[in-house]
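Look for chain A in each of the two complexes below; its partner is chain B in the first and chain C in the second.
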Partner chain A sequence: MTKKLDLLDIQGNVIRAYGRFGYPVARYVCLNVRDGAKGREFVGSISKKVTTAVEWGDGPGKMKQPDWTINISFTYQGLKDLGVPTSSLIGFSPEFVSGMKARRDILGDDGPSSPQHWDPIWQRNRETRENDVHILVSINALAGQGLDWLKTAEKNRDQAYKWFQGEVDKTKGGVVILDGHLGDNGEQFKYQDAKIVLDNGKPTSKEHFGYTDGISDPVFEGVPYDENRVKGRGKQIPGGKWAPLATGEFLLGHVDEAMEYPPSPEPVLLSRNGTYMVYRKLHENVATFDRYLEEQGSKFPGGKELLAAKFVGRWRDNGAPLVKAPDAESKAKYDAQFAAADEQGKDDLLSDFTYDDDMSGGKCPFSSHIRRINPRASLEMIHEEAGFTPLGAFLSLFLPPSWLGMFKKAGDKPGSLKVSKGAFNTPGALSDRRRLLRRGLPYGEVKDRTRDDGNHGIIIMMVNADINRQFEFVQQQWINYGNDFKAGNDKEIILGNHSLDDKFPSKAVLQVDPNSDQAPFLLSDIPRLVETRGGEYFFIPSITALHMIARGVVDPT
Partner chain B sequence: MSNIAGKAYAMNVITPIRSYLTWVNKLIFWAAVKVPGVLTGLVTLSLIHYARWVIIPKDKFPHLDPSQPKENLNYNYMLFFSNFNGSWDQYVDSFTFAIPGGLDLFWKWNIRYSKSVALTPFHDYIRYNQLETIHYYNAYPLAASNDVKSAKTVKSSLIQFEKDTQTVSDEEFLKLYNGLLRGLQHDLGDMYPTPIVTMSAYQVERRQKWHEGKLAEAGENHGK
Partner chain C sequence: MASNISGNAYALTILSPIKNSFTDDEVSYADTVRDRLQSWNSEPNSPMALVPQTYLCRYFVLDDVYTESLPGASAIDTLIDLLPFVPDSLRRCYWPKEDHLNSSYLVFSCNFHCGPNADLDGYLRNMWNTISDKIKEVWGFCHGFDGVDNADKFIDYMKKCQFEATLFFVGSNDDPLEEQLKALYLKQEFSKFAVSNQGLDTATLRANFKGFIQRVAPANLTAPTWTAGGYRIDKLVKRG
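Entry: the complex of A and B
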């Protein structure tokens, strides 16, 4: 990597998924600005403590890893009420201006995911000025060593929150913390807490359905501490190799994969090193998930755990990708290899894979979570019918077809797809512009696995330079629709807004090896496994931009 | 008026080209369909129903009635006509992400062509030269081009299966049946309306009506 980013100017949550760096708990707080001037002062005092992306450790240009981190982002209304001038505001993207609720038809937030079922804070947002979410502050807290690791983290969080509350109090009502994040028993909180899932008090990297999470995350140019992580996380280039994605896919003011600067508000100082973030609270229907998995698993030839892996594309226990471990036998081998590998070896085993040897989906189905959300190079696919070979096609310009029998090819096996070699400019051309950085943590605890209700799921925060081109596209075209995957209207299994109408039940096809004698498994009557409970689009400014907002000096003229 | 009918989008783009360069473009068009591999990228992009490029000489524009004023054109024009699935952005972006070289090959000789990368100037070029569709008829509004292809595959496979299984044993039938499904494993997607690609009030309302089963009253609720 030759490019070096100005890490001191970029907020830390853009570059780091804090969970991976030893921060098991988080608190998200939403604020409403009642008085612009006091609001700006508040932003100024927070910005002094805002966690940057600077490297942690000893030595020049590095700093000690903090006990807690704090990051801040803004909605469109927030920026407006903090006095960012119209001439700058008009440069923000239309989706950001409209907000998540107004985009529900695009996102497929219908039925139990529709805004009337969102947490009160997100329902009230953008209805009246007093209840608008203007600012989102996120706090992440570092775990301690030894048995008290979690208590220490919670102490760190409480300390951070106390400091933060003090800053809010200083505004004397100029900025208020909004209520309305639903808790375990329907009570409303002034914050959304999130925490890694525990197993008998021990930390795990699981989410509530039991999958190992937090493995894949795009790697892009200019981040010094990601150099060993590019395989499987960057973009796929010819020869099964990987390169970091262009910085402009995730940060404004940098050149993107289309070799231009992403559309951004002016002046450049306001947008450069800033980016957009999609915040979503997603409820997980664990009882329905368990029941459905049990019911289908009893019919599925490979058994329940393999079926669970087919839903996501990775095995639940250790995240082994299906393309590397497609059945129980290969999984056992993979596990042995995994146990023997060092840190880097483990990471490569988890992350370094392509779909090139699984173009028909016999290992990792086309409707699984990770294949739909990051198809890597697999959309460069084709099924060739019988016909002339390239040479035959050329000769057929001059010679009658009946002479050309030896220049005919049989066509691909029914049910198979293969790489359409060289068809696209780069193998991952259709994926590279749809990538998302994932931040956030699970929230809540599952107290009773036989019930869907309660308060548990994932707070997911997706960072991208263009909400419409990246997040909304993936959500709409790849999660809730399947045409790019030759799957018609079949949806992604875990996240799809599956039909609630018995007459039109959702289904998915789990492909098999076209050379085998098996039949594909038809996953029928897929229920809604995940429901939206709220969310919004935010802008994460650079440190420079934060200072400018705080001083009221944003001015494109 | 809308460029969208069901799952398909109709795009017409008309761009000027210097008369003395027209033959180059014609040669390229001719070669593109003959020389294997040139159109592989286009074919691999499965969202396209149909695409056609035509050169209209400056004196060949339709003159329908003597009362229509005669225009005096400086250039020949290249008409690009395409029907595809998805949104304008998805289509134009897929083109530039996947086959920028192919686009440049076809448009290079056109006046003020921006090249397909970077994206924004290319977007601007297409938007500026795009003609809005005034009337758009779509025989199968619920079908994407993949759905049509799949339906044809399913139909012919079923007919063949029926023939092959007239006299076979139970075991043989099961084997052939599994083979049938396996052969069709990329052709069994459901067919319902797409997620809406525009937030125009018209499209949003239609979608709501579809959910409520009320489009049928207008004779439009396909299959519901």
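Entry: the complex of A and C
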């Protein structure tokens, strides 16, 4: 029997990237609980409106798509102050207990990304009790039809926020909204707003560097409305096929890719259908990005736009993956196909690919964003050295090497890698346990592309069952280091915490087809393109758990 | 070839029993040895970085052997379990005994370049000649170390404590340490050269490469190269 999730028990932001469902505007609010009892009451009243993952539809017995959604999550300090018992608290993971700031060395949040440069709200967090972020509430607002689509969305958001503020006011100081989210002119706000990037007033799915974002969000078992999206988003299985990832990679209380239940706090009712979320505010240095792209693009043989695509693994205009469209000629063919395809066909063109025919990285570089974040089956690679065949190796024990010419193999060309067949149970063995659901939206507007400062970037929220195994591993090993990709200490080009030391500048290698006579292109002196401006680790409880927290009846005994 | 030798690499395992005694301030010898070893962590570098040809090594104090579980049942155990008239006390005496050590042990596990003749003596002699003070600091609490005051006696002592185990670390081939450090240095410098000379015409490239080769001197293993035991990128390169 196919697995079916209890969608009414799971918070909607776990399963849905709201942006894709017509919600272009969001507001994130952080709260501090001053009084446990009032805090629980507040959680109770919010939980009545919390958006679940249920399927939407019109007609009898169906849940109508809401004008706005609201979701709630908690830090470790928040759960403690809301009265979750110690015997439950000790079951949460150490990184969740410590929080993002304490994990900065692992995350590479150094230099301009270090906590002293974070927004005041995140700087003050975990310094004094009164300023600790305890609760994160996120509101997403539905767009309207026609020209007023954005105004309608903003109206929906304001309506939701008004209701939410009313609930906070009812606590009479038991729960307070924290300010300190930086705005456009350095002012401090009581909320973080986020909104899709507009192009001449029209909605886009791009971020501020101009890339289409969030295409390959993982698909896992039990979500009915994701069934047609498995190709390229689930896990690669033998025979070039795809299957949804195990639910336990993203939801506690379910079996994961290792056929185990992820470590979770007791009782089961507190953790099942809940999960962890990583919230990060990432500033984008648009001027530096434009300048670097211009400067390197003038030298890069394929030109500026191909180079931009090499940074990420997708072309900026329509998101075409480099694996399918590695150069201008193939891109033109892809574009024609893309234009003629229906919705499903378009989705397949964007997402349904593997790196099997690009194991050497000649099309999609090893340090590009999508290859680092989701390597699919590309980590199972080997390089065959020149030498003897097995029989030749045996004969060489008795005979001089000069007699054994016919028992020699040439080996792969330098820089050539191929799929290591049979070494792993499944093609995705090295990446299936490192996947992340990505939520969130861009924030701010770029008013002057010649300047890095200002208030623009991405609010990224990554959902996973194990922050350490999934998010922190990807951040430390795949974004800020390159060894798993046979790329030494090269970092991921866009997100890497590139070196600030002129003596040891960051570089990345853009590989070429090892059988061609081209030389690889070396990206040198890569500047820091993205900087962390704050963030924290949160727990998103199920609806059941929310009710239990609100009633103060969490009891693991 | 002995199993603890692989090509020109040697896997040395030393188990030295620590005396069951304590110091004047009532700290056991085993704890004292561990404390001294741990104090090396706060020094600018490990004393072992001074010992020529050391690839990697590890020191620790083994207090006792680790008991993982009761031993698994054999077919006879299962049979006895099924026979109701076998008394429990009899059944228990057939369980294998748990093993314990009579004392704590200082364990030294080391991989080094031994050359084609598996030269253990040469390595240990160099070790004594470079860090004998540090050696005495920890081995001084071990059985049988009294009177070890020169390289020959140290070699004899170590061989008595040697345990043939194939504990090889991954991450090193069997070339001499100088070769490996030079190779790593060259690799780092070459990637910098490739970056800074990208796209130049052939003639300039050839001229620059000539200059590069002169500067990095591939045949000169002493300089410029990486320093042994270096762990900070800005302190790694030893200039000529």
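As a convention for this text, the second predicted complex is superposed on the first by the 531 of 557 C-alpha atoms of A that agree within 3 Å, B and C clash if a C-alpha of one lies under 4 Å from a C-alpha of the other, contacts with A are read in each partner's own complex, and residues count from 1 in each chain.
Methods note: a contact is a pair of C-beta atoms (placed from the backbone, for glycine too) under 8 Å apart; a residue touches a chain by one contact, two chains touch by 3 or more.
Keep in mind the model is a prediction, meaning the values are calculated, not measured.
K.L.:
Could you check whether chain B and chain C clash or fit when both are placed on chain A?
P.N.:
Chain B and chain C clash in the superposed model.
K.L.:
Between chain B (first) and chain C (second), which, if any, makes contact with A:S524: first, second, both or neither?
P.N.:
second
K.L.:
For the three-chain arrangement built by superposition, which of chain B and chain C touches the greater number of chain A residues?
P.N.:
B
K.L.:
Give one of first, second, both or neither to describe whether A:K507 is in contact with chain B, with chain C, with both, or with none.
P.N.:
Touch partners of A:K507: chain B and chain C.
K.L.:
With both complexes superposed on chain A, which partner does A:P203 reach: first (chain B), second (chain C), both or neither?
P.N.:
A:P203 contacts neither chain B nor chain C.
K.L.:
Considering only touches as defined above, state whether A:G22 meets chain B (first), chain C (second), both or neither.
P.N.:
Neither partner.
K.L.:
Using the touch definition from the top, say if A:K299 reaches chain B (first), chain C (second), both or neither.
P.N.:
Second partner only.
K.L.:
Residue overlap on chain A between the chain B contact set and the chain C contact set?
P.N.:
Overlap of chain B and chain C footprints on chain A: residues 488, 503-504, 507, 519, 522.
K.L.:
In their complex, what parts of chain B are in touch with chain A?
P.N.:
Of all residues in chain B, those touching chain A are 34-37, 40-41, 43-44, 46-47, 85-86, 89-90, 93-94, 96-101, 117-120, 144, 146-147, 150, 157, 175, 177-179, 181-197, 199, 204, 207, 211, 224.
K.L.:
Chain B touches which residues of chain A in the complex?
P.N.:
103, 105-106, 108, 110, 257-260, 263, 360-361, 366, 380-383, 390, 393-394, 397, 413-415, 417, 420, 422-425, 429-430, 432-433, 468-469, 473, 476-477, 480-484, 486-490, 503-504, 506-507, 509, 511-512, 514, 516-520, 522
K.L.:
Touching residues of chain A toward chain C in the complex: what are they?
P.N.:
299, 488, 501, 503-504, 507, 519, 521-522, 524
K.L.:
For a test of understanding, state which residues of chain C touch chain A in their complex under the given definition.
P.N.:
191, 194-196, 198-199, 233-234
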